[in-house]
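Starting off with a structure, shown below.
Chain lettering (A, B, C and D) follows the sequence in which the chains are written, and residue indices restart at 1 in each chain.
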Amino acid sequence: MNLQERFKQVRQHSIDICSNLQTEDYVVQPVVDVSPPKWHLGHTTWFWEEFVLKPNDENYEQFNPNYNYVFNSYYESAGTRVIRTDRGNLSRPSVEEIYQYRKHVDKGMLHFLKNNLSKALQDLIVLGLNHEEQHQELLATDIKYILGNNPLFPALYPEEKKSSLPAKKTWIHIDEGIYEIGFEGEGFCFDNELNRHKVYLNDYSICSELVTNKEYLEFINAGGYKNFIYWHMEGWEWVKANGINAPMYWHFIDGEWMNYTLNGLLPLDEHEPVCHVSFYEAYAYASWKGSRLPTEAEWEIAATKFNWGKRWEWTESAYLPYPGFSKAPGAIGEYNGKFMVSQKVLRGASDVTPPNHSRITYRNFFHPPLRWQYTGIRLAK
Amino acid sequence: MNLQERFKQVRQHSIDICSNLQTEDYVVQPVVDVSPPKWHLGHTTWFWEEFVLKPNDENYEQFNPNYNYVFNSYYESAGTRVIRTDRGNLSRPSVEEIYQYRKHVDKGMLHFLKNNLSKALQDLIVLGLNHEEQHQELLATDIKYILGNNPLFPALYPEEKKSSLPAKKTWIHIDEGIYEIGFEGEGFCFDNELNRHKVYLNDYSICSELVTNKEYLEFINAGGYKNFIYWHMEGWEWVKANGINAPMYWHFIDGEWMNYTLNGLLPLDEHEPVCHVSFYEAYAYASWKGSRLPTEAEWEIAATKFNWGKRWEWTESAYLPYPGFSKAPGAIGEYNGKFMVSQKVLRGASDVTPPNHSRITYRNFFHPPLRWQYTGIRLAK
Amino acid sequence: MNLQERFKQVRQHSIDICSNLQTEDYVVQPVVDVSPPKWHLGHTTWFWEEFVLKPNDENYEQFNPNYNYVFNSYYESAGTRVIRTDRGNLSRPSVEEIYQYRKHVDKGMLHFLKNNLSKALQDLIVLGLNHEEQHQELLATDIKYILGNNPLFPALYPEEKKSSLPAKKTWIHIDEGIYEIGFEGEGFCFDNELNRHKVYLNDYSICSELVTNKEYLEFINAGGYKNFIYWHMEGWEWVKANGINAPMYWHFIDGEWMNYTLNGLLPLDEHEPVCHVSFYEAYAYASWKGSRLPTEAEWEIAATKFNWGKRWEWTESAYLPYPGFSKAPGAIGEYNGKFMVSQKVLRGASDVTPPNHSRITYRNFFHPPLRWQYTGIRLAK
Amino acid sequence: MNLQERFKQVRQHSIDICSNLQTEDYVVQPVVDVSPPKWHLGHTTWFWEEFVLKPNDENYEQFNPNYNYVFNSYYESAGTRVIRTDRGNLSRPSVEEIYQYRKHVDKGMLHFLKNNLSKALQDLIVLGLNHEEQHQELLATDIKYILGNNPLFPALYPEEKKSSLPAKKTWIHIDEGIYEIGFEGEGFCFDNELNRHKVYLNDYSICSELVTNKEYLEFINAGGYKNFIYWHMEGWEWVKANGINAPMYWHFIDGEWMNYTLNGLLPLDEHEPVCHVSFYEAYAYASWKGSRLPTEAEWEIAATKFNWGKRWEWTESAYLPYPGFSKAPGAIGEYNGKFMVSQKVLRGASDVTPPNHSRITYRNFFHPPLRWQYTGIRLAK
């Protein structure tokens, strides 16, 4: 697919994700990690305007210079008239204005993409597409958070999804030895997937299936949230401080576990892989099982032998630079490196990862307590 | 005017205040003191449903039982399915749904008001009308906060208001003696205006005019925000902790003081009374002037001799019960008494107080640092 | 008594209060409102050095210029080498060094007091004595807090005090009319007791006795801490946020209410007046009793007719300037005026008020939630 | 050395560290990470009493059962009479009482050590000795913090240490390949040093010397604290939120950098290795130098080729379990594993690490912002 087609497709997908929203759903920001959908739609548009069109297309006319105050992630440099405010406090620009902004920039981009572009510009555009795809996953998870924390529990999609039968669980064994991980070959990857490098792995086994809701419920019923021996000290304090007793979106109502999904508040589906757990919970579950989480190298080496893609799978690995990692110069160079402290690596992809955005070498990362993403658990030993 | 007419008029006024809003403006809550306009519209409607229709009209059909979770001010008693959340996080019910809710309840109320109502019910309805009028002022001030803290500084009304010429300032003298304050006579008053009682006042003088923007600017230019001797210790800490250097909505841009109003960001109008100052600022200004703020009794006794109604005027008085004050039984009794600690009394009314809602005995009250209301300064000595 | 004698007596009393302390007890600061005893001993000494000796006695040699960093209440102006730190973090100067500092300054003062002093200097010295006496009460209450929050509950005084029998309770009636309150005559008073002025009081009755522990226990047992209708909203939030269920220093152990006193942890003495309650609790108790707290004017007018002095009695009055109040020029002028917002007036005195420091016109003041002082409750109606 | 001799030596060393303290220095806790010296002396003693003597010596008489409330690190299980309080708020038990407690337990232990002990008991005692040695380092760093944050900057040791000349810096090259890290052999190690395991390392070089104060000053003077490109995002926020502009204990006074050491506030010694930097600062310095920090495996493999032991050296590695790591059963098992999230590994030892407590495989760990330990920087590339 050429860049123009790919651009159209990616841009359309952002809009498709929002197709069932009401105007009000675009606006709110219930917690700091969640951005309003209209901000995602504006920010991804601003990226094309700011980094591609303004520096490279002298005929391009900026839509509204004040949008920089609103859609730039880096408020600090935004000048004298900026008011410090959270994204969820901004009623303007309106949703309608942002859709007009998207149209304006799309038109400019599609015109621009007809040119014969340098390799550097092509790379920048591919990065921009991946940037927008990352925001598409956030759009989906943020929408779920916004609706799932509303006491009316609105359903975005009316039809109920059918649950699959439980898969048979096996342990995949990998022999001790030297392996290689990291990206190699043609195509796009993020800087954090480089360099491909050798690692030494000890003998290990990894489970063919994700932990299910049913299995996780056993942990709850066995008092898993009430016994500190399964937890990191930091995780235990998190449990106590926040009164955590189940994954996010689980509600115990009238003696039954209900689960909010985009189809509404439904009885918990036991065969589905557990979702929306923090790293602390993933670790505690594994610890209770007498097992452990895989490292990211263990995951990557074994991942050809099992199905993945329904959940972002917590690994034991901290998010650190690979050997030979170097930042690109300029603003693009900040993309990943500056986050390489205090976060954990997640591998795989999820139900709401956009099409064509996953790779076996892809390194996602979040802080240990976060759980609004579609996170799950795979055991190793 | 009969109750039905008055009901229609008050209900319509709530909607009129919102007439120029975009849907998104109804949703956000930038700070805890500000509620989203759609919440005000829903909460005032819920009041009629909950306290009038449900207990007194057996034919009334509740619009949506879940709205209690959303529009009740007292979340605590709302049962098992409640999620703790701020009002500004709720995208649903939508604005459209809330307008339908208003129509539904209005229809029920207008039908109900055709009945021959007991005195107690009539009083309850008058209280409900005053309750809605109080929310109308909050609607106006909250809308200003929402738009005035948006970096795009949207104007709600396009036309610019004309500034009046400065009035001539005189000092009104009141002789020492026994006076009476508090409500008396026919008509509605809040419980906090009772009992009418005697007070002993010393000789004092009170200014015929409010402090203007020009006068307040002199305080700023004289270093008023930089010298602790004018301030309460608590006020001085507030200034330093929040970096306060001017009233709310003032912005110093390119060497000029600009002021956000509902007509947009405009050059400061020097002849207008200063607005959106905290009690701390009112006190410090008076202190710098070698003057002081009036007590609420001084204000009430002198108020027949000057014009008032453009600003809520900070007084030196703390918000305390009048002699003989007693709470009404039940939920209505909580209306005012439970706030009688740590707040200051404001007297008068403001540009956005709804028509027919002001009285010379009216006691408004806020915490000392708050300034999103239309608050101003009148000096005494 | 001449000034020299009075100076010696007051200075000695500060030391007497600490006579049973261990060195470690002088050092700690468990909460921000409590200062370490050694800080009180140093700060009161610094006052004499800074305001009397340094400006007025050219022969005086400063003990240690760095002590200004430590014993000045106003850290902000202390220059470049200051480290922001709480008083309880400072192990140096040592207790021994502070006692030497006291001796040094006492010697200087006693020498200085032999001079023929101007009226202004005499007034300053009397203010200094009252300043030190205020710190003596704080010394006593802070020591109680330090020991009473130690899990070993050490007793400062071994002997147990004998409880008096319950007094007979009567209601003292005061007729409506004009009265005068505030200080008048010879002798010292604080600026906040001026001017003496007329007030108009309605008919009221005030109780001859303070509320006892036994009576307060009835409030607890009747669910007083569990029913919000007795409380200010702010008070109710304080109860919930802090898990308050009894006065400070009360502990329910093995089915019995114990009370920490300076004689150790002892069974609650039912006949003693309740102590260490916040304004919120005083108000809630009165509200539960169908009664109220007196205003400070009501208290002052009636106080000649009952015994007072065991507890600082919460009044309904906010701490505000009297008519005609004016601040003295200079640092001394800051003494009281800058605190006149958000506090409540307490009248009377307490078990640990130093001798000769109480007056019927004395206005003490604290924030509503504070309860480490010897605060109690007297009802009015 | 036999266990009895070793016990005596270790216990004496704890006391020696405190030999120059004044009583007040034992008491305070300026920040939560710092414990009062008297708490360290009591807690290490309580360890012997609680885990060795009470369960194993039926003749042992407990010194004071209430000490469990004070010296147990785990307040939660301490029963009904516990008051939640910080360690620095406790004036009792006094320093003298704690020294008596030490004598009492030492006597019990020396008597107990004469017995023929099982292997398990011997291991427990060796663990206890290592536990006390860990607290000895904390004792030293906490004392420095207590005195170094006192505005009087007291010197603990009068004599000034002589600075060594700068060492010649070389880069040590290590070839790509498989290496082994982790503890092996006789003697004590912590559980986190196991299992010894293979790692694959790429070619790298590591510097023979630590970064000096002079070199670090160049980073400061080059604006290192003012340019976010050198920092992790989290580190940059830490810099801004805390106003960081130099290592802890550095003070810029009258145009000169001064450094607080236990010899007092002295001009910065340029040849000394930089000390008291956070991980964020170590990373930013390396980033500014176009270099990086070593991983812990790189450090361990190269450490036979350079001198180490003056500073705890920040590594890029997160603190995670080694392959095959397993927790011991019981309370001892909590020793290290529960901290294995969100922390960074430090390797080496420091000026105040007790004798015989360092190993090439030793894994120390702290959170990225902490800097009250003797932390330093070694570069790799």
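Operating definition for what follows: a contact is a pair of C-beta atoms (placed from the backbone, for glycine too) under 8 Å apart; a residue touches a chain by one contact, two chains touch by 3 or more.
These numbers were taken from a predicted model, which means no experiment stands behind them.
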Repeated interface matching B-C, over half of the contact pairs identical, chosen among C-D, A-D or A-B: A-D
Centroid spacing, where centroids are CA-atom means, of chain A and chain B in whole angstrom: 44
Whole-Å gap between the CA centroids of chain B and chain D: 57
Distance between the centres, which are taken as Cα means, of chain D and chain A, whole angstrom: 37
Residues within chain B bordering two or more other chains: none
Complete list of chain pairs which touch one another: A-B, A-D, B-C, C-D
Residues of chain C that touch chain B when the two form their complex: 178, 197-200, 202, 229, 231-236, 279-280, 283, 292, 316-318, 320-321, 323-324, 334, 338-342, 344, 368
Chain A-facing residues of chain B, complex: 22-30, 38, 66, 69-70, 80-83, 85-86, 88-95, 146-147, 149-152, 154, 251, 253-254
